[in-house]
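Both complexes below contain chain A, partnered by chain B and then by chain C.
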Partner chain A sequence: MSDDTRILSVRGLNVQIPIPGSTLWPVRDVNIDVGRGETVAVVGESGCGKSLTALAIMGLLPRQAKVQSEALRLNAESLAEASPKRWRQLRGDRIAMIFQDPMTALDPCYRIGDQMCEILQQHRKISRSAAMKRSLDLLGKVGIPAPEERLKQYPHQLSGGLRQRVMIAMALLCEPELIIADEPTTALDVTIQAQILRLLRDIQRETNIGLLLITHDLGVVAGMADRIVVMYGGEVVEVGTCDQVLAQPLHPYTEGLVRSIPVPGETEQGEALGYIPGIVPRQVGERTACGFVDRCPYATSACREEPIAMRDAGDGRLMRCILPTDGSARDPDVWILPDETSAQGATNSGSL
Partner chain B sequence: MSPGRVALRRAIRHGGFWIGGTIIFVIVLMAIFAPLLTPYDPSVQSLSEGFVPPVWAEAGSWEHPLGTDNLGRDYFARLLYGARISLGLGLLTVIISGTIGTAMGITAGYWGGWPDMIINFFITVRLTLPVVLVALVVVALIGSSLWLLILVIGLLLWDRFAIVVRSATQQLAQREYITSARAIGSSTPRILFREILPNITGPLVVVTSIEIAHAILLEAALSFLGLGVQPPDVSWGLMVAEAKAQLLFRPWMIAIPGAALVLLIFAINLVGDALRDVTTPEGKA
Partner chain C sequence: MPEVLTMRGVTRDYSVGSGFARKQTLRALRGVDLGVERGKTLGLVGESGCGKSTLAKILLGVEEPTSGEVLVGGKPIQSYDRIERARLIQPVFQDPYSSLNPRMTVEAIIAAPMRVRGEGGRSLQAKVHELAGEVGLPRHLVEAYPSQLSGGQRQRVAIARALIGEPEILICDEPTSALDVSVQSQILNLLHNLKRQLNLTMILISHNLAVVHHLADDVAVMYLGQIVERGPSRDIFEAARHPYSDALLKAVLPPRAGVRLPEMGLEAEFPSPVNPPSGCTFHPRCQKARALCAEQAPCRTDADAEHSYRCHFPNNLKDEECPQV
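Here is the complex of A and B:
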C-alpha cells in the first residue's frame, strides 16, 4: 500500500499498565495500517490486546496506562504529539468508534436526536435544525424505520439492534475517514449480527472510509475484511489478506483458530472440532521466547530460545513463527484432542 | 415519553410521595402564610397571659389554640414562625454541603488515582469529627448568629454527599457511554456536567432529603444546647429547649414542637425515598 492511500498507520505501539508489584504489557510492538476504503480485521481471543490497541489508537486509555509508539499517524498527522484539544477535535470527527455493547453506549438521559446533534454541533458550525435534519437522514440510511419517531425517543425504547444502528449512524455523522468498530456485533443475537455487519460493509464501501474491525469471530471476518491482523498475547502474529489467512493460515495460532470453526458441508456431524488448549497467559515482562510456545502443538526447543521476530512470508504476508511456510511441518489434526472427555470441558477458541 | 413525565406519572402512583409530600406542603404553606394564620407576633410577650394551656386542656381556649409559653407568647405563632427557620436553614445548608460534597465526589470518582486519595483523606478526616462538638466549638468561639449556624452546618455535612456521589460516579465512569462521549470528542467538563451529573440525580436526591432532615435535627440540637438559634428568633429546637423546665408540669410544651419535628423529618424521608423510586431512569440497570 502506498503512503498516500493510508489513513491510519501504527508503528511499534506498546501499552504498559502498572499493577501492584509489576507491570502488565498487554500490547507489544503492534504495527497496523488501514488504507482508504479498506477493512482491516484484528482477530484474537479475549485478552489478546485487541481492544486495548483500539483504545490506544483513539487515545482513550486511562491515564495509568503508558502508551508508547514509534509512529501513530492519521493521514499525515502524527497523533503521538497531538494535544488533548486536537485529540478532542479528531475524535468523533475524523475517527469514530463503535462500541461493543449498544445497551450501555448511549446515555439513558437524552433523546437519540439530542445525542446525535450534540456530536455534530461539537464539531461543525451547524444549526440545531440542520443537525437534526442530518441525523434524520443518517438514521434512515442505516435502515431504521420511522426515523422521525426514533429521534425523539430515549435509548431504553430501542432494541439492541436498533441501538447499534444508531451507534453506526452516530459514527457516520461527521463523515470520518476511519471507523474503529470494537466487536460491534458481540452483544447482538445472530440474525441481527448479520444485518449489522452487512450494513457496516455496505456503508464502508459506499463512503470509502477505512474500517478497523475488532473481533474474535472469524465468521464475521470472512465476509467483511480485506486484510486480517491476528493478535496473540499483545503481539501481531500474522498479517495477510482475508483469503490467504483463512484458507492457508501460517502461524500455528491462526491455524488453531481456523481449525476450531466448523465448515458447513465439510465438517461432519459428530466430528470433533479443533481447539487451542489453555488460556492466554498474563503478559508481564520482556519476552524471552515465542509468546505462543506454551500452547503450541508444534513447539520445539528452538521456540524457547529467544523471542520470535516478524518475518516476511512472501505474497505480502507477515508472520511471527519459525515454522517453514510451505506447510511441510504441519498436521491439521494436531488440534484435535485424542481424549474426548477433556475436550468437552474446553471452549472453542474461535466461535461461529 | 421524557424522563420528567415518566417520573411524574410514577410519583402520582406512589403512596409515600403523597403522604410525605402533603405533610411537607402543608408545613411549607403554614410557614409562608404564618402572618395570615395567627394574629400574634411570636416574640411579643404578655406576662399576664403566661402558661395558658392548649385548647384541648380544661382551661384552654381558642384564643391561644396551642396555649402560651412562660412569657405569654402565643405557642401556635411560635410554631409557625419556627417552621420558617427550620425549613430555610435545612435548605440553605444543603445547598452549601451539596455543592461541596458533589464536587468532591465527582472529582474523586471520575479521576481516581491521587485526587481520589486526597479527597478520601478529607472524607475520613471529616468523619472523625463529631459534628455537634465542632459546631459547638465554632459557635462558642465566634458567637452565634443564624447565618453562621447555616455556614457551619453546611460546611460540616458534605460527607454523605461526597461518599455517595463518589461511588455513583465510579460506577458511571465505567459505562461505555462515558467512553463513547470521550470518543466523540467531548471535553471533560462537558462529560461531568452533561453525562455524569444527570445520571446521578437519583442518589443525589435521596441524599439531599436525608441531609435536609439531618441539618434540621442538628439545628434543633444546637438550639437546645443554647448555641443555635438565638431569641428573639424562634426555631423548633429552641422551643424544646425553652420548655425543658416545664417537662413535668406542662409536657405539651415539649411535645408540640417535638411532634412537629418528628412529622417534618418523617415526611422529608418519605419523599426522599419516593423520589429515588421515581427518578431512576428507565433502562439504566
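Here is the complex of A and C:
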C-alpha cells in the first residue's frame, strides 16, 4: 500500500500494564495498516489483545497502561506525541469508534438528539438547529424509521438494532477518516447483525472511510473484510487478504480456528469438530519461545528455542510461524483430538 | 417412539407496566404444541424476544403456563414435586461465569443435585470423580474453585452437574454462546458424545443455526411466541417452508472465502410482543406478505408427518396454488 492511501499506520505497538509483582504485556509489537476505503479485520479470541489494540489506537487506555510504539500515525500526523487536547479533537472527529454494546455507550440520561448535537458542537462551529438537522439526516441515512421522533427519544426507548444504528450515525457525524468498530454486532440477533453489517459496508464504500473491525467471529470477517490481521497472545500471527487467510490459513492458530467452526452444508451433524487444546496463557514478561507453542499440534523443539519473528509468506502475506509457507506440512486431522483431558496429557508429556 | 416431553397449547402471559403505566398483557407464548421423543435433540431457534427462554423456564418448572399443559413421561409436570422434577429435567445455562457458585468447589457443585436428594458419602464422591472424567475435566481440577477454571472447563462443570442425577431431559439454553470458538467446538463435541452414550433427550436453545445444525435431530423455529415451523433438521436446513426460517438460515455467515453478506429482506424491526401485528405476526417483515396475511393468522399445515409450518404462502408453493383472496 502506498503511503498516500494509508490512513492509519501502526508500527511496533506495545501495551504493558503493571500488576503487583510483575507486568502484563497484552499487546506486543503490533503492526497494522488501514487504507482509505479499506476494511481490515482484527480477529482473535478473548484475551488476544485485539480490544486493547483498538483502545491504544484511540488513545483511550488508562494512564497506568504503558503504551509504546515506533509509529502511530493518522494520515501524516503522529499520534504518539499528541497532547490530551489534540486527542480530544481527533476522537469523534477524525477517528470514530463503534462499541459492542450501544446501551452502555449511549448516555441513558440524554435524548438521542442531544447526544448527537453535542458531538457536532464539540468539533464544529455549528448552530444547534444546524446540528439537529445534520443528526436528522444521518439517522435517516442509517435506515432509522421516523428519525424526527427518535431524536427526541432516550436510548432505552430504542431496540438493540436501532441503538446500534444510532451509534453508527454518531460515528459518521463529523465524517471521520477512520472508524474503529469493536464487535459491533456481537450483542445483536443474527438477523439484525446482517443488516447492520450491510449498512456499515455500504456507508464505508460510499464515503471511502477506513474501517478497522475488531471481532472474534470469522463469519463476520468473511462477509466484511478486505484484509485480516489474526492476533494471538497479544501478537499478530498472520496477515493476508480475507480470501487468502480463510481459504488457506497459514498459521496453525488460524487453521485451528477455521477448523473448529461448524458450517451447515459442509460439516455433517455430530461430526467431530476440531479444536485448539489448552487455554490462552497469561501474557507476562519477555517471549522466549513461540507464543502458541503449548497449544500447537505441529510444535517442534525449534519452536521453543526463541521467539518467532514475523516473516514474508509470499503474495503479500505475513506469518509468525516457522512451518513451510506453502501449507505442505499441514494436516487437517491434527485438530480432531479425542478430548481435552487426553490432549492435555499429550502436551504435558511433550514438554517433559 | 414415545414422547418424553409433550406441550399442548402452552400459553404464558405476563403483566407488564408498573406505576403510572397502564397494565398490559405480554403474551410470551401463544399456544405452543411440541413433542420430543426419547433420545432426540430438539433445536429451538428464534430471535431474542421470541419466547425461547420462557419455554425453557416452563419446562424447568420455574414458571407455570397460563394455560395449556406440559407432560413429562405422560404425566403433567405439576404432578411431580420439586425434587422429582429436578431428577427428570436439568438445565445447562449460557453463562458458566454466573451459573456456578464461586464459593463452592467443583466437586461440591457437581454433587449438589444429589445432596439435595439426601445422598452423600464415598459413593457420591466416586460418582462425581467419574463424571468429571467423562465430561473431560482434568482430575486435579475437581478440588478447584470456579474462578480457577477457564470458560470451557466451567461449562463442563455445569454439564456434569446437570448429568449427575441421570436426568431424562437436558435443557441447554445457549450452551456455547459465552465461549470462544475454539472452545465452543469442544463443548459441541462433548454434548454430541454424551447425547449418544446416554441416550439423552435434549432441548437445545440457540440463536446460532450452525450449532443447531450440528446437534439437533429436529428443529422448531419460533417467532413471537409461536412455533412457525417444525421438522427434521435436514428438512429445515434444506427445504424450509416458512419465509422466517429462510431468513434465519440466510443470516448464517460461514467463515469461508468469497462469502457475501446476505440480502436479508427483514427490514422492519422485531415487533413488540405486547402489541403483536394482526393476522400472521410475521407479515410486517415478510417479503412475500399479501393482503390475506394481515387479516388471517395461518393455521398449522402439515407438509408430511414430521414437518409442519404456519404460513399462507410457503416457499414451495407456486403462485397458482396460493390461496385466492
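Here is the rule we go by: the second predicted complex is superposed on the first by the 337 of 352 C-alpha atoms of A that agree within 3 Å, B and C clash if a C-alpha of one lies under 4 Å from a C-alpha of the other, contacts with A are read in each partner's own complex, and residues count from 1 in each chain.
Just so we're on the same page, a contact is a pair of C-beta atoms (placed from the backbone, for glycine too) under 8 Å apart; a residue touches a chain by one contact, two chains touch by 3 or more.
Quantities reported herein were computed from a predicted structural model and do not represent experimental measurements.
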Item checked: Side-by-side fit of chain B and chain C on chain A, or clash -> fit
Margin query: Once chain A of both complexes is superposed, is A:25 in touch with chain B (first), chain C (second), both, or neither?
Written below: neither
Next item on the list: Report, please, how wide the angle is at the C-alpha centre of chain A between chain B and chain C, in steps of 10 degrees.
Entry: 80
Next item on the list: In the overlay, work out which of chain B or chain C sits against more residues of chain A.
Entry: C
Next item on the list: Considering only touches as defined above, state whether A:109 meets chain B (first), chain C (second), both or neither.
Entry: first
Margin query: On the A-aligned overlay, A:155 touches which partner chain: chain B = first, chain C = second, or both, or neither?
Written below: first
Next item on the list: Quick one: classify A:243 as touching chain B (first), chain C (second), both or neither.
Entry: second
Notebook entry, point to check: After lining up the shared chain so the two structures overlap, which partner does A:232 touch, if you call chain B first and chain C second: first, second, both or neither?
Noted result: neither
Margin query: Touch test for A:262: chain B only (first), chain C only (second), both, or neither?
Written below: second
Notebook entry, point to check: After the superposition, what is the least C-alpha distance between chain B and chain C in whole angstrom?
Noted result: 6
Check: Hey, which residues of chain B end up touching chain A in the complex?
Finding: 2-3, 113, 175-177, 179-187, 194-195, 198-199, 281-284
Notebook entry, point to check: Hey, which residues of chain A end up touching chain B in the complex?
Noted result: 58, 60, 63-64, 87-93, 96-97, 99-101, 103-111, 118-119, 122-123, 154-156, 167, 170
Next item on the list: Write out the stretch or stretches of chain A touching chain C in their complex.
Entry: 45-46, 143, 159-162, 189-195, 197-198, 201, 216-224, 242-244, 246-247, 256-258, 260-267, 269-276, 279, 339-341, 344
Check: Across the complex, what residues on chain C touch chain A?
Finding: 47-48, 133, 136-138, 150, 152, 156, 180-186, 188-190, 192, 196, 207-211, 213-216, 233, 237, 247-262, 264, 266-267, 269-270
